[in-house]
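Pasting the structures here.
Shared chain: chain A. Partners: chain B in the first complex, chain C in the second.
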Partner chain A sequence: MTRRGVLAAALAAALATAAAAQGDGRLSGFAFMGPDTQAMQKDDTANPGMLWVAEGEALWSQPAGQSGRSCASCHGEAAQALPGVAARYPAIDDATGEAVTLDGRINLCRQRNQQAPPLALEGRDMLSLSAFVGHRSRGMPIDPPDDPRLAPVRERGEALYRLRQGQLNFSCANCHDDNAGGRLGAAPIPQAHPTGYPIYRLEWQAVGSLQRRLRNCLTGVRAEPFAYGAPELTALEAYLASRARGMELETPAVRP
Partner chain B sequence: MGRALINVPKTARKGEIVEIRALVSHPMETGYRPTGDGRFHPRDIINRFVVTWNGEEIFSADLFPAVSANPYFAFSAIATESGTVAFRWIDDRGGAQVETAQITVT
Partner chain C sequence: MRAPMLFIAASLAVVAAAHAGSGAPVPLRVVGDGIPEPLAGLAGDPARGRAIVVDRQRGLCLLCHTGPFPEQRFQGTLAPSLAGAGTRWTVAQLRLRVADSRAIDPATIMPSYHRADGLARVAKPFEGRPILDAQQVEDVIAFLATLQDKEGPKR
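Here is the complex of A and B:
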């Protein structure tokens, strides 16, 4: 067999065993990882993301703010909390008509219902809560709402996805559509499906949000990253969720 | 210190080799990371990890700054008697975290 043939066979074998294969060519970042990292994600006692989930589960029933209420006071005990909810974000907040991410929703809930100050985006408490809520949707398909008010947000997200920016003048699509499956240096380029956020990234040695990942990529192309919570990042999240519709949520995923 | 995830089988046969796994959340600050003003974040790592089975030490390790954050250990032990497996992580600040698990050996 030629060298190329061997590679093709190896790739085919790798793709056939990928847990997240969709049958339509879409693949989770899980499929691009080595077997060691895949094993780490699959074993809940080896997946460090589960430390954040455990922390989030504890925060779930901890009262906060002047209301003295915890998440559990309204949403029920941790074991029954919010199945499938994380798979439906970003969504439209009815009170403002604006798109909100899951993290944004957690903070709105804190401010409106718990009368508590918002949690710092990308802080440990926020990541723990979103990892916990995300974990409650693990194994469910990503299911963005069919809300017509989300359409312009997704369009804006797609425009940003295709917008060349930064000193390197790359768009997201240049790598993740045109060269997915290839390599950037030593690192494989995945298809940019947000299937496991918040993720435990080995490089970060910590859990981080999709927005942290997006900001990383923006810095990578030498563009100025959007601030955490910026509407641009919400729009990108909304577009990516619609692109990954039906794919299985893996939260908390492990990524290199 | 933060949370720990430990995995000890609930039951084992006498003489069986069991796998024991432990994951703990810790920043493992190396002491080599600059703060931006010419100084360094003070070192704060777990420097010792000890596991006992009914008080008898069955595994221990000294850790150094090259170990990643949230260190993970997996090792094997021979199940001899029912009892308590206790895990103890000790860090540079003198803090110790202890977790225990019960195992029934038949």
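Here is the complex of A and C:
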């Protein structure tokens, strides 16, 4: 094969990997990254997010709280744990009727079933557990529940997504719908599909949640960021998940 | 005559200083599609203006715009090039576009750099403050007016 042929084949393969799943114009943030970062995500021995997954796997079997139970006590061994579950959050918690994120569900489970204190949101343990549970759904389609109780939550999320805010007066949609594919300074603007959370972000040198990403953007437009766990962030997560229905989960994704 | 003139000059200085101190925007006197008079009667400095335009914390311009700044890597692609801005627009038009682009097009993504009203959920440190103060706006205008390019994109 000529050098040009090799390049063309490599490009075609990269595009196919990134886009093949859809064909409806939706693209994961993966498609907007350079080949080095893509390679880092695809190789588990190079993907730093796998360290969090490994820590989460250890936590899975570790007893917590007065119950003396671990996650594994109820949900089974790590190898069998919760396939596809992370792809279905946010979901409605039947006990309260409220929408909860995966992180929120982990804390509810700790409090109700393990009689353990909640984990700090965005703390190392929570990120590790959610990275582990997310990884158990890697490769599966994002599958938000068909639950009518989620409709108003998604509507609220969409309203927030379209709200121009902050001193710079930007909505999420201004960039991620109207200008996706463009460059904000050095940064390519992706389509805001939450396909790989929690992600290992090179800028953070750490794994972080979708809520951290949302707070970063709010701070960037000089708006007051919502607190971790705030219902507004849950609503945004629910709306974004509904837009990404059917896209493949990549947890733990790597992003620039 | 001299004493009243001095008094007026001193008063203006006090007004300008008060605005700078409080950080609140000065009133915008729009005439037609522009603002003919300099904000707070201030004179702009093109060199300072250029520094503000390329500064990604103050002017933020190159996050969206490209322009004739060969030393600046990673210029944005969301907005037209600034090259030739001084040819396409009068100084009065440039002043309105920078100070309050929403007045020209409510749907524009370009922020109104010298307005602090009509905004939602502004972070506390920025509340009530414009993105650029009156002096900075005048500096930016003075610089943009120097971007003369007969071959630049047409309005």
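A few remarks follow.
The criterion applied here is as follows: the second predicted complex is superposed on the first by the 236 of 256 C-alpha atoms of A that agree within 3 Å, B and C clash if a C-alpha of one lies under 4 Å from a C-alpha of the other, contacts with A are read in each partner's own complex, and residues count from 1 in each chain.
Following the convention adopted for this analysis, a contact is a pair of C-beta atoms (placed from the backbone, for glycine too) under 8 Å apart; a residue touches a chain by one contact, two chains touch by 3 or more.
Since the structure is predicted, the reported quantities are computational estimates derived from the model, not experimental observations.
Applying the stated contact rule after C-alpha superposition, one finds that A:81 touches neither chain B nor chain C. Applying the stated contact rule after C-alpha superposition, one finds that A:185 touches chain C and leaves chain B untouched.
For chain A, the partner touching the most residues, choosing from chain B and chain C, is C.
In the superposed pair of complexes, A:206 makes contact with chain B only, with no contact to chain C. In the overlay built on the shared chain, the residue A:140 is in contact with neither chain B nor chain C. Using the contact criterion defined above for the overlaid structures, shared-chain residue A:173 touches neither chain B nor chain C, since it reaches no partner.
By the touch criterion defined above, A:163 lies against chain C but remains apart from chain B after alignment on the C-alpha atoms of chain A.
Those residues of chain C lying in contact with chain A across their complex are 56, 60, 62-64, 73-78, 102, 109, 111-112, 116, 119-124, 126, 129, 131. Per the touch definition, chain A reaches chain B in the complex via residues 44-46, 48, 50-51, 54-55, 202, 205-206. Touching chain C in their complex are the following residues of chain A: 163-170, 174-175, 178-179, 182-186, 219, 222-225.
Only residues 2-7, 21, 23-25, 28, 68-70, 72, 74 of chain B touch chain A when the two sit together in their complex.
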